[in-house]
């Protein structure tokens, strides 16, 4: 019994030692790595899964992506917890730069939003060309609509669409308007489960696996345009920001090579993102 | 992890990405349980064996903290470790170590509360004998912890189960970074949000299987040890 | 057994001792002396205060009135006293480890422990079961192990609280034989029992307790031949003391 106990003590000591070593090795961050706060749409659409290995190959940089809503991603950057933000809400990004949180915003690419709804189409809006008309119909019919409600780029875009449709959503919302406060995927899952309408970015929609009875009901309206921008967090505000590596990542994204890589990403033969770093107004 | 793959396929082909995720999950949860035990067992024993003012409220709070919402623990650790927080200069946020810290915060109350109860019950049983043997305070604590070791092992397993199952805390402080801080539970959350429900469920089954295997191992070790020392 | 030249705990003197717990008097006006000779047997019905008297004599209970002295001292750590409770608690270890533990607690050097473990286990006849988990021993075996554990403290005085209460005749005889053996080695035994036959078989002195008071005490021969108190006569006659 003595030997058994001694043996188990050695075993325990050995296990603990090995464990502490492993944790330490895990915690030792790769030197050439940056943290990018980005949106759920870039992650859920699979863009990063495709793009990051290419970034690694071309620049040697390991990009660690924190996927959050646009609002939360900007907050993370504001706290100095990220080196780069890569989001899609132009008005919020310009405010971010105006507040001195970043020195420059670079347009990178766009895709578009699509209005998703059940095949039964209770609001009768399938195929409409004007998204405002569709939203008015949803509100009039009281058809269930799922809102992200999380200050994400998609949520902000949705609020702007209600406004331009002449609807004050704070006043008009009733039981039919469900704000879930979650990411794009969760909103699509909820819509799929309750046969509701929902605004989604096209990339996440194409990549989404649980479509159920859902389909695109409205698309192609110029108002559904969805612009992505990238910014280096101001290193003067947060001295820990890796400005050289971060800028290198941004320079790659807006370079002809990076733009071509983005254009090459396809799911089910559909291009998901359209590079437009050269468009000064984007 | 390859798209459109089933969890079974990933397991059977020994997918390296899945293996890395499982490995990280285990390292984080086992480390957190280890550190929580390092704090919780002495703390619980101390509360069990001492009498001080405000002891009862401390026990009530400790028991309540077993139900500490992971998101709250995660947020608290996030605010501490953020670059704008008091420990920001350590640069731990969005690393596996941050996840260990958050889970340690979650698991420590569980281990401390269960230890307190176990040690207190055993002390009631042993008090007369140990007093009659004139056993000093330090040896007393050592004896109680050693003799309660099988019950304490169950407390550790409860703590480990909590750590391995939670997603709320580690997704906040770890960031669910692919290949770096992505664990079983955050992968399941991610695959769910991608609408990839079959893969999410499959990974859930893999996670449950691993937890059951560890529990079975611990049980087997306990049975073997009991045969030796009762 | 090794002989230690410490100050003895004996005699243990109770003078007008009263013990009150939660407003109830458990012992009242107890004056008696345990000195180093043949075993003293405490008899009396359940609830008469035997267990409380043993614990007080061990030094485990504070007295409410009067005083207890051990070898003339009022404060005395239980280094040369040992007690075996009516329901002994086995540590979650093997039989041998239980004894090893008591030896360590009594400050016996590590090197001296193993021979003592063997000696004590042999004394109580548990040598073949040395490596069995203590909690899987039978009731009688647990009582004997508890006795060995108490003896590991090398006591000058040993208190036994109804050690044979729930045992069959064979197990009872085993315990009584051990008690005789250790008494013969010069250890003072103070033992509670409610079995008159056992008291007759073992006693040098008798103390009859009833409702926390001493009804009669003195040498066993005189007590059994010619009890003085009325309650003692009726107790010996097999009547119920209420």
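The chains carry the letters A, B and C, assigned in the order they are written, with residues numbered from 1 in each.
The rule is simple: a contact is a pair of C-beta atoms (placed from the backbone, for glycine too) under 8 Å apart; a residue touches a chain by one contact, two chains touch by 3 or more.
Quick caveat: nothing in here was measured; it's all calculated off a predicted structure.
Enquirer: Could you name the chain whose Cα mean is nearest to the mean of all protein Cα atoms here?
Expert: B
Enquirer: Between which chains do we find the greatest number of C-beta pairs in contact?
Expert: A-B
Enquirer: By mean C-alpha position, what chain is farthest away from subunit C?
Expert: Here the answer is chain A, farthest from subunit C.
Enquirer: What's the distance between the Cα centroids of subunit A and subunit B, rounded to whole Å?
Expert: About 31 Å separates the centre of subunit A from that of subunit B.
Enquirer: Averaging only over C-alpha atoms, locate the centres of subunit A and subunit C and give their separation in whole Å.
Expert: Comparing mean C-alpha positions, subunit C is 78 Å from subunit A.
Enquirer: Using mean C-alpha positions as chain centres, tell me how far subunit B is from subunit C in Å, no decimals.
Expert: Chain centres of subunit B and subunit C, defined by C-alpha means, are spaced 47 Å apart.
Enquirer: At least two partner chains per residue is the criterion; list those residues in subunit B.
Expert: Counting only residues that touch two or more other chains, subunit B contributes 228-229.
Enquirer: Using the touch rule from the top of the page, what residues of subunit A touch 2 or more other chains?
Expert: 1
Enquirer: Mind pulling the subunit C residues that touch 2 or more other chains?
Expert: Residues 94 of subunit C touch two or more partner chains.
Enquirer: Touching residues of subunit C toward subunit B in the complex: what are they?
Expert: Listed in rising order, the residues of subunit C that touch subunit B are 58, 60, 77-79, 82-83, 85, 88-89, 91-94, 97, 101-102, 104-106, 132-136, 153.
Enquirer: For subunit B, which residues are in contact with subunit A within the complex?
Expert: It comes out as residues 3, 24, 27, 30-31, 34, 82-85, 88-89, 91-97, 100, 175-178, 180-181, 190, 192-197, 225, 228-229.
Enquirer: Under the definition above, what is the set of subunit A residues touching subunit B in their complex?
Expert: 1, 4-5, 8, 16, 19-20, 22-23, 26-27, 29, 35, 40, 43-44, 46, 48-49, 52, 64-67, 79-81, 182-186, 188-189, 192, 207-211, 238, 240
Enquirer: Spell out the residues on subunit B that touch subunit C in their complex, using ranges where they run on.
Expert: Within the complex, subunit B touches subunit C at residues 125-126, 128-135, 139, 143, 147, 150, 226, 228-230.
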